[in-house]
Every structure is written in structure tokens, then in C-alpha cells.
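Note that the chains are named A, B, C and D in the order they appear, and that numbering of residues resets to 1 at the start of each chain.
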Amino acid sequence: MSLSEQIENPFLPEPARIVRQYDLIKDHRFFQIRFIDMNRAMSFDYVPGQFAMLSIPGVGEAPFSISSTPSRPGILEMGIRRTGNLTRALFKKKDNDIVYLRGPYGNGFKIEPMVERDIIIVAGGLGVIPLRSILYFVLDNRDQFDELYFLYGARNPNEFLFKNEFFQIKAREDIDCLYSVDKDTTGDWTENTGVVTSLFQKLPKIDPQTTTAVVCGPPIMYKFVIKELLKLKIPKNMIQMTLERRMKCGVGKCGHCALDHIYTCIDGPIFTYWDTLHFRELI
Amino acid sequence: MPEYKPRVGIYGFTGCAGDQLLIIHTEDRLLDFFNAVEMRSFVMASSNPLETEIDIAFVEGSISTEEERQHIKEIRDRAGVLVAIGNCAVSGGPQAMFAKDGSFARRLKQVYGDIKFITNPVEGAPLDEVVSVDYYLPGCPISQSQAMALIARLIHGADPEEFPHPVCHECKLNENLCLLLDQKFCLGPLTLGGCHSACPNNGLPCVGCWGPNPDGNFEEQLGLLESFGIPHEDIIRRVRNFGGYKILAHIEKLSGKR
Amino acid sequence: MAKRDTIEIKPLARVEGNGGIRVEIEDNRIINVEVQILEGPRLFETLVIGKTPEEILSLVPRICAICNLSHKYASLRGLEKALDVRIPEVTDLYRHLMHHGEIIESHSLHLYMLALPDFFGYTNAVEMAVDYGEIVTKALQMKALGNKIMRAIGGRMIHGENPVLGGFGKLPDRECLLSIQTEAKDGLAFALETIEILADLEIPDHMERDTQFLCCKPPHNEYGYYGDVLITSDGKEHPAEDYQSVIEERVVSHSFAKRSSYGGRPFTVGALARVNLLGERLKGEARKAYDGLIHDRWLRNPLYNNFAQAIEQVYSLEGVIETIDRLTTLKEPETAEPNRESGVGTGAVEAPRGTLIHHYMIENGRAVAADYVTPTAMFLDDVEEFIRESGERLISTKTTVDLELQFEMIARAYDPCISCSAHLVTVEYK
Amino acid sequence: MRILKMKPDFLKEFLMGLEGFGALYGPKRQSGILKYAPIESYDELVLDGENTLLPLKRLFHPMRFDMFRFDSRGFEADYSIFEKRVIIGVHPCEIHGILKLDEVFLVHPPDPYYAGLRKNSAIIGFSCLPAENALCRSTGTDIVAEGFDLFFVDLTDFYLVWVGSSFGYDMILEKEDFFDENVTHEDIQIYIEWREKRNRMFKKSFNFRDMPDIIELSYKSEIWDYFGKKCLSCGQCTMVCPTCNCYNVTDVLDLATETSGRRERMWDSCMFADYSLVAGGHNFRHARADRLKLWYTHKLKAFAHKYGSPACVGCGRCVETCPVDINVLTVSEALTSCEVPEE
């Protein structure tokens, strides 16, 4: 049709294949997905902290953080919790099944303020999924950053995501991993027990002037973690956090993620603590 | 391997059969529907029902006799998914407008005298008073587009999407002038949408046949209608006409306030 | 056949609502026939007490979806009489159009989807479509036309709120009327074809017996679906408001529908009653169809109800065409207002399956009493009688036909509407 | 910009002659309600100050349409809503409204549906005299300098015709002899008088300029709770506002196969409870007061950060529409005076 020839359609989902999937914990599954079009797969360029819109035709579309790192291109990884219509349908997919993706969207973490500085990554529960991307990104470009602290807390050992991976990293020299569970329900937990903030006591002396913090977790966790970070005197604009809102388009058109004058999908989902003080509805 | 077709049953309890009829009324899509599923039981449209295990049961009507109570339990036992279709199944229907006010026995006697029936009549109640319900398709009768969208999702293994908005949403999309501005009685804001604002499209007030909108601001709307000179009791009576069991909680809140 | 046997047909398929047939046989004699209406009671007449006419008009179509507009129309006639609302003739024309729509929809549904599969030996119309695709497709179009008319004037396909006391919320525009008219002209050809298909059908005679008929008598010596007088096959005429002395109601334990008789004997209402009593008033193609099909077995055999419906389908299509011709030359009517707040009124119309009566007593704008008599409640006794007759005949002649199917066919021929009938009936005059 | 003169006698022929440029649309009364709809004859056009019930956005951001068809091969965009159109009789505030929506829908990446409808539509603006609830003088949107192809100012004895685009100029060329290039001093005088007369006709106004700060300061004001208690959450305000752009997206499967269907887009509203609901059932704006606050922040403050001025274009539709009198007038008044309105 002549009226519509050659239109770029940012809403057009592109086919991608589920390459591999396995359960992380109950109702949480890890997916490796690759665009069918190899060129697209290799050229899909993103920043840690960005997300993609995943579609299952007939069910709908929803945003999911990209959990892999752009330093390992080709395959996108996502960690997904089964909560509703779309995610239920996704969990029924088998390896090699087709889903549809578009993106990447969002601002992603600001890497610049981390370069040649110390980094504290604080994750609570599911929040570790987007942070895994920045974690590997830093590890893959290790020489560009100074000290790296990774604090991760889950409710109990059975809800601790990426257990194998994260315990392997723990063995590395160039990262300080501090893990915790609120409660040890299994009896064989070897790490710290207590809420994630209790890990702060185990941190060595931090120089707030050269440190950037990155946080993600459930809304309630932010309050307490930020308090700890402020205690360490980390500047408010050096605390990056990722937030969640309802989203239907991912590109600032549908309005659902709007608050004040910002759209979480394009101006976020990464905000600094300073931003959240400005936009009172952010957390 | 032949394609697996979901086994479907469509059942009618006490009501006007409008929701089943509406499915029959889909004319062009009715054949698609029959082809996409293995229709095990649809007594209103077909003989020789096969009452075995089914994947999806669509159930219309309220539960109004002892026999119906047993029958719906029996359907629940062999149905993977049970969908309440239509106001009677969802809320109890008009026959439940006096729900729980204790007048049923008197009214039954008024109509039938002292006769004993082969099955004991009970006051019309929504399905979820007797069994668990997986999905609801409200409306009196249900809307064809909502019904077909829900059916298409269920038979193809996807979860249906709700439409949790008031009638006013579609009413504005249909470019109607709001009746409340003319101080006319309209239940649009208190009523779940999905009807394509059928009544306001004709300049007539929403009578509430989709049942209550859970987000409805009952208190303010009541005050507004009262300010038009409509008596409190009239308004309460009218929201109950189609509100059945689902309106009771709202009414209770209101009367608690007064 | 065992010495003592019971035939249970439950549920009764391809009828609207939840019902069954129970036939008890002993020593090759039928000792009991029950058409069971097991759909729960809704006590509609108690639901409208204390309500405004507006609310009543919105509630009563919910008695039954198939005849929803007949209920609306009967209610309008009753309420408008009670409150002395004098509607202009155009308003009545629109209502007739709406009523034709319901008849076309209901008759085509019954005739093609519910009854014909029996004659052609299928369990439903979708199966029948495999061999008779064209008939089913055209039948669906016919039904769609009925629905379109109901939607255009009723406001939606089922339970439209558009017809209100004294008038309508909104009337269809000229374009819509003309498109209905065009479709009706196309439909007429198929309706006439149907008459020919039926003319070739063999109708079993094992249930034949004499019965009585009742219907509304339309004014102006025309055929039609409304009237303030009830006529009966004994030649008598009764004012509609005397319906209680004409139609004798009683309650039975196997049915939430009340039972009726006339002069102590069962009677038939519906298309067959109308065509038998009023057929001579038909004109045009409908008259030709009538003349071609009618014979004296129609008075004794309920299966001819299907034929009568086919004739009425032709009549209504012609009625649609003619009514729209008139409407397009007339101005849209104003809504008429009530002249009083209290009064008593009886509205009688012919629903697709027979005479329907709504009776109201209104005081200060609120109903204090209401009474509804529905067609299915009227003819259930008759159905039982025909089943008994058929059963006795078939058993005594030891034919090997499928008894159940024969019984079902009889019941289905009446096109029973179970929701309608499972109501309540008492008038409480204070 | 080129400005021409035209005699009123030519109007009908000129407008109806534009059919070659696209299907004609304009404000037209249907069942008593003024709507933007296809125009078949000149007499249907309503060219006075009255607002249409729904704003011009409905022609660019349709209430409900299919974005995609999908089947086992994937998604295919559905652009069947595109049509060449000439929209006649658009008021200044409506043009401003569209310019605001442009900021949302045309910024990178542009929404192809909106962009396509926009590209294929010519806008012929018409001056109007303020209606009862017009607030456009307060919002500075009573005149318009861009966003139209032609703009007609009705000065009774003649029209001044602003030519806003080369497409507009092409339309003029169709009937060149209807137009007069010679705008005299006297004409200018008439125009100025008309402006002054028009300015005096506004009956209502509000403190639009100070609202951004006042809103910021009133974040915790109990005034929001007062309005929150009243609001019916009917969503009408958002539907009728020319600058509300929210929508929802839903997939609708076909009955016949499990792989095919369509992806539908439909107007949504931040007044509805599920608008900010996220997985897990957490709702960022469960309270009605919070929903209202978001809306008024958007209308009267937030947009300014990004685009220089807040989103309200002063059409007055919220004043006409809200059944419980929540609108830019009552809200700004309450916030400014720190008092809840009297009943």
C-alpha cells in the first residue's frame, strides 16, 4: 500500500528462538534467547540495565531485563518469574520454540561514573537479574574498574538465584562476594544469615568519594539499603537503582510508566537516588 | 499426529439462556468454534452429549435447585477449567437481587403455594457460591466480542485478559454525551464495562447488567444521584437489580456509612 | 419391551433451557408422561414488585433470551395500558418491525438448527452442514437478519434496552432500514425455497389427535402477532384482560413451569395455532405458501408447527419489506408520556412460540402486582398428551422406531422455551 | 507566512473542492453530538466555536485499532487506518493539542501509526469565538502560528487565510482566483479589532502560569484527598482531553487457529485502577487521589520540563465533562487558594 511503504515500526516484534532454559528456583526460569536473524543477533547492542519487550502472539507483551552482558554478544539471557498471563505462557514454551523480541529499551546503567572507581552491587531477590548483566560486564572489563563488591541477599537458600554461578565467582580474587539469606531453611547454608543490609558490616572500609553503588530489589529493600549507603557517605547521585513500572510500549508512547515528567521506560528504568528525591513517586 | 482439540462443554443452569444463545448467534464464527474444539456437550444446540472429562466448561445460569447444586459440583469435578458466563453465573442474576434478605421462602410460596417439587428449589446463587470458578465473563447477556476473545484464548491455551474498566470508558469512545450531565440516572461508573456501552449509545442509562465495577466510587455516585432528586432507596434498589451477590459488599459498606 | 419400563430423556436437547421427558410404561401401556421443567424458579413476578416501569422493562426480557423482545413488547403493551400512554402509530410500526425480527430469528433458529436435523437424521446443525452446507449457510444468514433487526431496534441483539415506555431511545437511520429491507428481499427467496423443501417431507402420523388452539386476534382483519382479544378454536373470543378465566393455570410437582388448560383440556399455542386460526388472513407469498401446504392434518399433528413457522417466516419477511416501505416515508415519532401514575393493564402478544401475557397493576408509578403467562407454560399439557398418544400407538403397533427420538421430536416441534416457562404466577390483588 | 484574503461566498466551493487532496473530515453533528467525521456536504460542517465531544486526537490517535496481524510467520503491521484526509474546521486549541501529541508520538522513535495518519492529513484551521468554558487565553493557546496547512480567520466580510505549508499553498493554487493578495491597512485594523473583541469574550480564566510551582508545592496537600474522594474514576476527563495519549495493547486470537490473531491498541486512562498495577499485584497509584495528582501534574506542570509548556491547551472539555466538577478550573482554584471548593 502506497500510504505505508517502508515504515520503520518500533513496535514490530522480531522472531527469536529459545536456545536453552532451565529453572532457577520454583517459578523462576532462566532463558537463553537468540534472534533468528543472525545479523540481528550479533548487532543487537545494549547496555547493562536495559530491557527488552518479549511477545507471545495471542497472549501479549511485557518488559524483561536483559540479564546477560553485551560483552558476550549473540545470545540474550533473561531470568523470569512466573506471575501472570504472559509469563505463564512463556513457561510452557520448549527449547527451540519461537518468541518475539524488540528492544533494547531504557537508559541502562551509567557506566562512566563507575570507570576507575570502586563498585558496590547490592541485589535483593529477583533484583539480581538485571544486576547480573552489570556484574558480568564489569568482570569482563575488569581492568577498567577498581574494587568490586557484590552483595546479594535472598529470602532463603532455595530462593537464591544463580547459586552455582555465583559461588564460582566467589572463588575469584578480583571480586568480593558477600551472600546472605534472611533465614536458613535448609541447614546447609554456609554464608551469612540475615537481611541483605547485614552484609554491609562485612564490607571493608569504603572510600565514598571513589565509590559507585548499584542497587536492585523489591520496593521495601531500597529504603534500608539506601540508608546503609548513605551511612557510608556515598553521594546520592552515585547510587544507581533500577525501578519497575507497568509498561506497554517501551518507547515512551503508551503513558503507563509515566510519573511527573518522566517515562520510566525511556528516562529509566535506572535512576540515581538523587533522581528519586526529585520525583517523589519513583519509590 | 492429529492436532489435539480441547474438549469443551457448554452448560446452562437457571437463567434466560441468553449467553448460550449469544454463542449460537455468532453465526459465522460458530462453525469455527465447533471446528476448533471437541464439543462434548452443548445441549441447547446439539443432541447426544458426552458427559466425560472435559478441558473447559462454560457455564451459564445461577444455581437455583438442589439438583443444580449437585450437577455443578459434578461438572466442576471433571472440568479442567470452569468459566462462569453471564450475569446469572457470575453474580446470581436478577433472581438474586434480594440475595440474603430472607424473602425467598415467602416469595416461593407466594408463587407456587405449598407444592413439593421433585427437586428442592433454593435461592438463585452465582456458581462461585457452590464451586470454584476460574474465569468470569460478566454481562447480561455477555458480549460477543468479549466472549469470542476469551474463548479463543482458552481453547488455544492462553489465559484470558480482564477488562476492569467502567462502562464510561467505552461510552466515551463511542462519543456519547454523559447522561449524568443532564442529571439522568446512569450506573456507568459503578458498572464493569465490556458491553460497548450499549445503553448510553441509545441515550439510555446504564442499568448495571455487567455487575459492579470493583473500583466504583459508590459513595460519591450515590450522593450525586441523590442530588438529582433520586431517592436513596431507589438507587440501592436499582444497583441490586443486576448486582446479585457481587454488589452485597458494596451495599454493606454504604449502609455502614449511613 | 420389558413389562415395566421408564424412558427418561434428560436433558432434552436443542431446546432452550433445562428440561426433560419422563415416560412410564407398564404392560405396554403408558401410565405416566411428564415433561419436566427443572430449570430453577426465578420468581420473576416477585422481582418486579415495587419497581418503576423503566426497571420492569429492563428486567422482563431477561425472563427469556429467545423471546426477549416479545417480553419487552408484551410488557410495554401492558404498562402503557395501565398508565394510559398513547403511542403514535409510527411507534407501533417500529415495534412490529422489531417483532418481525424476533420471529425471523427465532423461527429460523428453531426450524433449521433445532428441528431440521431431526428430519434429516443429524444430531446438530453443524453436522448437518457437512451435507447440507447451503441450507445451513443460508439459515445462518436468515438468523443474522433477524438479529440485525433486533439489534437495530432493540438496541442490541439480546436484552436491548432501546424500546422504552412510549417510544424508543434511538431509532435506526434510513440507511440501516434500507439495508435491512434489501436483506429481507434476499431472504424471502430462501424462505420460499424452504417451503418447497418442507412440502416434500413425510410427516409421521403416530401421534395425531384432536386438540384446541389459542392465539391473539390482531386488529384490522390482518395476520399479526398482537391483539387485545384472544381467540380459541371453538370460535369464541375473549378480551385479553380476562385471560385468567380463559387460561386455567395449575402447579405440578415435576415442573417449575405452571400448567394450563382451556375448558379443562390441553391446548396449543404458537405458529401452528396462529396459522390454523388466522391463516385465511394471510396475503402475498405467505398466502400462496399457506394455500400450498395446509390440510386438515394440521389440526391434529404438532409436527406441522415447523411448517407453520416456515409460513410465518415468509409472512414476516414480507412484513419487514412492507413496514420499512412505510417507515421511510414517515417522520420519527416522539416518545409518548404517561397520562396517569396508577392503573391496571394487560398486554398480549404472540411470542414466536405462542401467546404471551403480561399483566400489571401499578400504583403511584410502582408495580404492586404482576402476572406473566408464557406460551411454554400453556402448551406443556398438550405436549404430554401428544407424547402419550404417540407412545401408545407406537407400542401397540410394535413399530421398531426409536421411541425416544419420536418423543423428542414432538417436544421439539413446539420449540419449548424453558426459561420462559419456569417462572411463577400469582397475582395478588391487594 | 503568506496571508491572503477570501470572500465568504467562495468558502463552500473552495472547501468542497478540496476533495482531490483527500477525504474531507470536519466537525459534524450526529445524533445531537458534535464529532469529527467524514463530511459529505458543506451543510454538515459546523464551523463555530463549539467543541467536538472528543478532540481532534481521535483522528490521529484512534480510539481502537489493530497495530498488527500475526500468524505462525510472525507479526505484520496493519496500516489500514491510513487514508489521505483534509480536516476542516480545526480550532487553535485543537492544533496546539496535536502539536503537544507530536512531542510524544513523533519523538524518536516515532509511532508509525500516528506519524502515518499525521503525514497523510491536511489541517485547515478555523478561527472561533470563545465558548462558555474556553480557557485557551489562560493557556496561551488561543492563537496558533504553526501546525496547520491553511488557517481561516473569519472577519465576517472576508476571511484572512494564513498559508502554513506548501501543501496549503497547493490547495490555494487550485482556486487561485478566489484569493486576494492585497491585505490593506484597513484589513489589518479589522483584524486587530476582532482580536480585541475576542479577547474580551472570554468568561473564564485560571492561573496557568503559576501552576507548575503551585503543583510542586502542593504535593502533600489534602486538596488531592478531597478531589480523590469525589472522583468517580470514570475516565471521561482523560478521554476528552486533547493531550491525553495513554493507550493499552491487547492481543486478540482468532477462533479458528491458535497462531493467528491481531494486536489491538485502545485508549487507556490513568484514572482506572489497573493503570499502574504491576506484576505481583503492587499498585503504585491505588488511591484515587494519587491518580488525580498524576493527571493534574501532567496537565499543569510536568510536560513543561520536557517541552517548555504544560500539556493543557485550555479547550475547557474537562470543565464540560466531569460529572463531579473536577477540572483544571476547580483544581487550580483549590490549589491556589489552598481551599476546597464550596459545594
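Following the convention adopted for this analysis, a contact is a pair of C-beta atoms (placed from the backbone, for glycine too) under 8 Å apart; a residue touches a chain by one contact, two chains touch by 3 or more.
Quantities reported herein were computed from a predicted structural model and do not represent experimental measurements.
*Asks:* Looking at every pair of chains, which two share the most C-beta contact pairs?
*Replies:* Looking across every pairing, the one with the most contacts is B-C.
*Asks:* Between subunit A and subunit C, tell me the centre distance in angstrom, where each centre is the average of that chain's C-alpha atoms.
*Replies:* It comes to 65 Å between the two C-alpha centres.
*Asks:* Between subunit B and subunit D, what is the separation of their C-alpha centroids in Å?
*Replies:* The mean C-alpha positions of subunit B and subunit D differ by 37 Å.
*Asks:* State, to the nearest whole Å, the distance from the C-alpha centre of subunit B to the C-alpha centre of subunit C.
*Replies:* About 25 Å separates the centre of subunit B from that of subunit C.
*Asks:* Averaged over CA atoms, how far is the centre of subunit A from the centre of subunit B? Could you give it in whole Å?
*Replies:* 42
*Asks:* Where in subunit A do residues touch at least two different other chains?
*Replies:* 58-60, 84, in rising order.
*Asks:* Using the touch rule from the top of the page, what residues of subunit C touch 2 or more other chains?
*Replies:* Only 170 qualify.
*Asks:* So which stretches of subunit D touch two or more other chains?
*Replies:* 31, 250, 252-253, 258, 261
*Asks:* What are all the touching pairs of chains?
*Replies:* A-B, A-D, B-C, B-D
*Asks:* Which subunit D residues qualify as touching subunit A in the complex?
*Replies:* The contact residues of subunit D facing subunit A are 67-68, 70-71, 74-75, 77, 79-80, 82-84, 104-105, 107, 109-112, 115-116, 120, 219, 244-253, 258-259, 261, 263, 268, 270, 275-280, 282, 284-285, 290, 294, 297-298, 301-306.
*Asks:* In their complex, what parts of subunit B are in touch with subunit D?
*Replies:* 29, 32-33, 35-36, 148-149, 151-153, 155-158, 161, 164-166, 168-169, 172-173, 175-178, 180-181, 188-189, 203, 214-217, 219-221, 224
*Asks:* Would you pull the subunit B residues touching subunit A in the complex into a rising list?
*Replies:* 152-153, 156-159, 161
*Asks:* Quick one: in the complex, what on subunit D touches subunit B?
*Replies:* 30-33, 35, 53-54, 63-64, 229-236, 239-240, 250, 252-258, 261, 266-267, 269, 272-274, 288, 320-321, 323-324
*Asks:* Going by the contact rule at the top, pick out the subunit A residues touching subunit D in the complex.
*Replies:* Touching subunit D from subunit A are residues 1, 3-4, 7-15, 55, 57-61, 81, 83-84, 87, 100, 219, 244-246, 248-249, 251-256, 258-261, 280-281.
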